[in-house]
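First chain A sits with chain B, and in the next complex the same chain sits with chain C.
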Partner chain A sequence: MRERFLTGYNDFVLPFVLGMAFIISYCVVGMVRIILQLPAEDRKRFFISLVTPATLWKNIKDIFLKCLIHVDIWKRNKLLGYMHSSIAFGWFMLIVIGHIEVFLYTPHRAKLFYYPIFFRYFVAETESTMKGALIFFLMDLFLLIVLSGIALAIIKRVRSVMFGMRRTTNPSFFDLVGQYSLWAIFPLRLLAESFTADISGGSFLTKSLNHVFTSFLSNHANMLPAWWAYSCALGVFFFVLPFTRYMHIPTEILLIPLRNAGIKIRNARKGLAKAQVYSCPSCGLCIDACPMGVMKANIRDTTVYLNRQIRRQNEARIEEISDKCLLCGKCTAICPVGIEGDKLRIAQRSIRKYNLSPDYSGIPVSGLAAAAGDFSGTGHGERILYFAGCMTALTPAISRSMESILKKAGADYSFMDRDGGICCSRPMFMAGRFDAAKQLIEKNTEIIRASGADVLLLSCPICYKIFKEKYRLDGIRIVHHTEYIDSLIRQGVLTVEKDGTRYAYHDPCELGRGCGVYDEPRRVVEAAGVLAEAAKNRKESICCGGSLGSLTLGFDKRRAMTENAVTNLMAGSPDRIATACPLCRSTFGRYSGVPVEDIAEIIDRKTTKTDRS
Partner chain B sequence: MDFGFRISPSSAINLDNVDLTLFERLHEMEPDVYKCMACGSCSATCPASVYSGMSIRKVILCLQRGREKEAFRMMKNCMLCGKCTMVCPRGINTRHLILSISKLYSETK
Partner chain C sequence: MKENIVIIGGGIAGLEAAGQLLKLGYSPIIIERTERLGGHVASWHRLFPDMSPAKELVDGLVAAASGANIFLNTEISFVNRLKDSYNIMLSNGISIITRIMLVTTGFSVFDASKKEEYGYGVYDQVITNRDLEHWFNGNADPRIDNSAMNAVGFVHCVGSRDEKARNSQCSKVCCITAVKQAIEIRQKFPEASVYCFYMDLRMFGKKYEDFYINAQRDYGIRFIRGRVSEVSENIEGKVVIKAEDTLSGKPVKVTLDLLVLMAGMVCSQASSRVAGMIPLPTDSDGFLKSKDNVYGVVESPKEGIFYAGACTGPKTVPEALAEARAAALDVHLFINGLK
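So, the complex of A and B:
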């Protein structure tokens, strides 16, 4: 290879160089700002994680697998995965191999950062060039791969169903500009390189094109406009990048180390929240996932639109979107980037100003503690404190069954809120009023500690989640009743009669996605009957629609969601619906065609007294 | 001197002296507030009522009658657990109503 121009410069590189300089400085400033916005301890933690070999390795692995290969999208849909990784990985390889070319053939130009991008314009082929045939081949191969990805992206715009997506996001104006310039970059590169293929060489793609369309492509008068167009497309893309969804490309590289450092959202708009918002690629996978999506009016209240409105600082819409959400967490579970739609919304709720603040100092803790410490005293085993929770108080069938099971198991138990107790604070927490929630946590902690219990048994997954995450009850094991019943069955304390009844098990949001309890309830159901899985289950289970997460949705507006969730559960044609949450039970009970039961009720019905009692 | 009994103060309300501007604003934000038929389902289920007599039914009545202090005293005990919303036969979103009242009214007016 030899150089064609002594200067190694042509004016057409300017759009690219300016765009690149703009986007790099924008990203550096943005990154520094996000890191500075982190609370001091989080920042320290982040820096330490960057030099810890284990997290460092995890960061590199995650960035490679998530940003370039897009493994999470591959798992979801092969075609969608190929589309993303062909563009990301293909483009990355073009850049890498472009740099290798420069280092091999014109090492003295390596300091010019536009040189690898426009290498083919500046050089000419010599006799010795064929030694680089492999590199030429690879360049064309990756260009072809990227082009195939772009072709798929164009098809996806028209027919998203082919890619497993029923609905996609409505692009904003800048998104469209960014998208068209991105689509234009690679065909223009192919055209530009085809013009120079007879001078600077090429492989199966560029060289062949040059031969086939020789009358047009060998006219060197058209060469420069093609290279200008290629450079302009790159320049436009880089200039609009910060205002488009493509900002997720650089931001995700920051988000992954932040997440791996174990940093949580502390501020509604700054630090990690900002990194998450800008990492949203607007792919719209959350639109199909959202349980509110059954009603078309709610589509614009999904996480992807929340992120967009936060970027636009449209406060009215941010409030509307974050208050409406059921906080079922499904968008978080399926997000390929790892944006926490539910936590982001709770953070938005937490910045509301209220003039009246709760004050629970009037709650007489001592009386409640005395009642909680009143154990049945069968003597053997751990002392189990049963906390039914507010929602179970509205479905007393569950607490009755649980008491019966506890008696059958001969457990030494006490019913903490038989005559009413204090709320666990999860609903208050979900409304974003953390100070009030903290007061409730302190009160409950005092009662539970005073009772002298070894185990805290809960019937309500809403309570279970907050007890597991926010309470400090050292030495007291926190179990949900499905886990407890499962252990009783496995230890042989309870003998369950199995029959042929088919049960569809509904994963409650807070128990499944919230706490990761999927297998215990299924084992319990299988001990009593046949498990007929729902169409979407486990991580992808559909919220019953009764959630306390939503502040603004009235119950009249939730009917379609519940009916959709019931249809999903009926996929395996079950005889009954089993669930493990009092709220799901009462919500489904209203609209389900088959009986709805809590797992505790099923087991209580199907067990007889054992000899231990 | 303590006689073991006392005469309760007059609880007559003169609606002419009650300033309902805030309540009207609340009604604009929460049209459902007039849907309440005072059935008392919320009062019966409220876990805070045991300690404080909190009841969203009474809060609505108090605000309508200008007895805001009494309403605030009860409101401060709400744990936002959502039981009242679940049992309301009129489908009033009581949790959002409580949050709206907390936003709109203030103790030091």
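So, the complex of A and C:
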């Protein structure tokens, strides 16, 4: 390879250079701002994580697998995965191999950052260049891979169903500008490199095209407009990037280390929240996932639109979207980037100003603590404190079954809120009213600690989640009744009569996605009957529609959601629906054609007294 | 040719309409799903506000309607729309061609087990107003017979005015029914304390207010304004209810021997089924939709199809009877118009 120009410069590189300079400075400023916005302890934690070998390795691995290969999207849909990784990984490889070329043939130009991008324009092939045939081939191969990705992206705009997406996001104006310039970059690169291929060399793609072009475009002067167009496409893309969804490309590289450092959202708009909002690629996977989307309703209230409105600072819409959400967490579970739609919304709710704030500090706890400490005293093993919660108080069949199971198991138990108790605070927490929630947490902590229990047993996943996450109950094991019943069955304390009844198990949001309990309830159901899985289950389970999460959805709006969730559960034609949440149970009970039961009720029905009691 | 008049449902509205039509010289056909006439009222004991026996009323209506063609244990299999009439196929194999139908399919009692927090179907001491009325009527009920009645509670608005229970409408008769049943309980168990937990007391009918004052003054029934929040069971097997007395602003907790849930009225499945076959529209409250809710309550939007009674919404007995008479007259005028 030899250089064709002494200066190593042509004016056409300017759009690219300016665009690149703009976007790099924008990203650096943005990154510094986000890091500065983190609370001091989080920032320290972040920096430490960056030099800790384990997290460092995880960061590199995650960035490679998520940003370039897009493994999560592959798992979802192969075609969608290929589309994303072909563009991201293909482009990345073009940049890498481009730099290798520069270092191999014109090392003295390595300091010019536009040189690898427009390398083919500046060099001419010599006899000795044949050694580079492999590199030429790779460059053309990756260009072809990227082009195939772009072709798929264009098809996806028209027929997203092919890619496993029923609905996609409505692009904003800047998104469209960014998208068209991105789509233009690679065909223009092919065009430019093909024009130059007889001088600078090329492989199967560029060389062949060059032969076609020379047959009717003999003049080499035509190459310059093509290179200008290529550079302009890059320049436009970089200039609009901060205002488009493509901002997710640089932001995700920051989000991954932040997440791996274990940082949580502390501010509704700053720090991690900001990184998450800007990491949203507007792919729209959350639109199909959202349980509010049945009958094509509430599509504009999904996480992708929340992110867009936060970027636009449209406060009225942010409030509407944040308050409407059921907080089922499904968008978070399926988001390929890892945006926490539910937590982001709770954060938005937390900055709301209220004229009235409840004060729970005056609730007396001594009476409740005394009642909680009144264990049945069978002397078998651990002291189990059973907290039914308000939702279970409204479904007394569940607490009654649970008490019966505890008796059958001969457990040394106490029913903490038999005569009323204090709210676990999860509803307050969901409403973003953290101070009020904290007061309730303190009250309950006092009662539970005073009781001298070893285990806190819960029937309601809503309570379970907050007890696990926000309570400091060191030394006290927190279990949901499905886990407890599962352990009783496995230890042989309970003997369950199995029959042929088919049960569809509904994963409650707070128990499944919220706490990761998927297998224990299924094992329990299988001990009593046959498990008929729903069409969408586990992580993808559909919210019953009764969630306390939404502050604004009325019963009339929720009906379609519940009916949709019931239809999903009926996929395996079950005889009964089993669930493990009192709220899901009463919500489904209103609309289901088959009986709906809590796992505790099923087990109580199908067990007889054992010798232990 | 003589017009066939098909009355769907042999409850009090259907019987009264049939009786009136017979007097007008028609011979209506009554289709009744169950094995006996009289509907819900036939299984009730006494009617407010004068404690008149329900049996007398139903017997009178049945006697007056005895000239009609009555098909018991019969359901409509399907309805075919012909050019200007309907072909009704019955489950007993008979088919009827008619231009006139009177829908008197009535209501269903709300399934109280859907309001699980009140413990119906969970605790043995929780019954509904219907269960209590059956017991008054002499049917044994182990939930009542086995208890020594020291305290009895009534919960108003169970499945009425309750969006969560999918019924936002007022069922109209439960307030006064609770007053009536509370008085009857006191008459049976003079020592028992009787509590009524209500949101509002809607004493709209003739002599209702007097009846209510009577219940307070003469029978010492305690009315507590506030919804019951939850029901549980204590160790002795009695039910414990928690409510808020919203007038004094204090939470109350009462241990009861019997809790009676005043289950409201909902559109019956039979009404929905018939409406689906003809088809007739449903109003936003789930009941059948009238042509006009002020002027044309007994007319359906379809020509020749009339309503009477609780198929269009909660009604008291006299209201259902009045509608039946109005519908009979409408049918008569409609037939005259055909000639």
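Everything that follows uses one rule, which is that the second predicted complex is superposed on the first by the 609 of 613 C-alpha atoms of A that agree within 3 Å, B and C clash if a C-alpha of one lies under 4 Å from a C-alpha of the other, contacts with A are read in each partner's own complex, and residues count from 1 in each chain.
One rule holds in what follows: contacts are C-beta pairs under 8 Å (C-beta built on N, C-alpha and C of every residue); 3 or more make two chains touch, one makes a residue touch a chain.
Note that this is a predicted model, so its numbers are computed, not measured.
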Could you classify chain B and chain C on chain A, in the superposed arrangement, as clash or fit?
-> clash
First, second, both or neither for A:555, with chain B first and chain C second = both
Have a look at where A:262 lands relative to chain B and chain C in the superposition and call it first, second, both or neither.
-> neither
On the superposed three-chain arrangement, identify whether chain B or chain C touches more chain A residues.
-> B
Give one of first, second, both or neither to describe whether A:352 is in contact with chain B, with chain C, with both, or with none.
-> first
First, second, both or neither for A:425, with chain B first and chain C second | first
Name the contact category of A:589: first (chain B only), second (chain C only), both, or neither.
-> second
Given the touch rule stated above, what does A:393 touch, chain B (first), chain C (second), both, or neither?
-> both
Thinking of the overlay built on chain A, is A:516 touched by chain B (first), by chain C (second), by both, or by neither?
-> neither
Answer with first, second, both or neither: which of chain B and chain C does A:360 touch in the superposed model?
-> first
Identify the overlap between the chain B-contacting and the chain C-contacting residues of chain A.
-> 393-394, 420, 554-556, 586
In the complex of these two chains, what residues of chain A are touching chain B?
-> 323, 352-360, 362-364, 390-391, 393-394, 419-423, 425, 427-428, 431, 433, 436, 440, 548, 551-556, 586
For the complex, which residues does chain C have touching chain A?
-> 114, 116-117, 119, 121-123, 163-166, 230-233, 242
Write out the stretch or stretches of chain B touching chain A in their complex.
-> 32, 45, 47, 50-52, 72, 75-83, 85-87, 91-93, 95-96, 99, 101-107
Please give the residue numbers of chain A that touch chain C in the complex, ascending.
-> 393-397, 400, 418, 420, 554-556, 586, 589-590
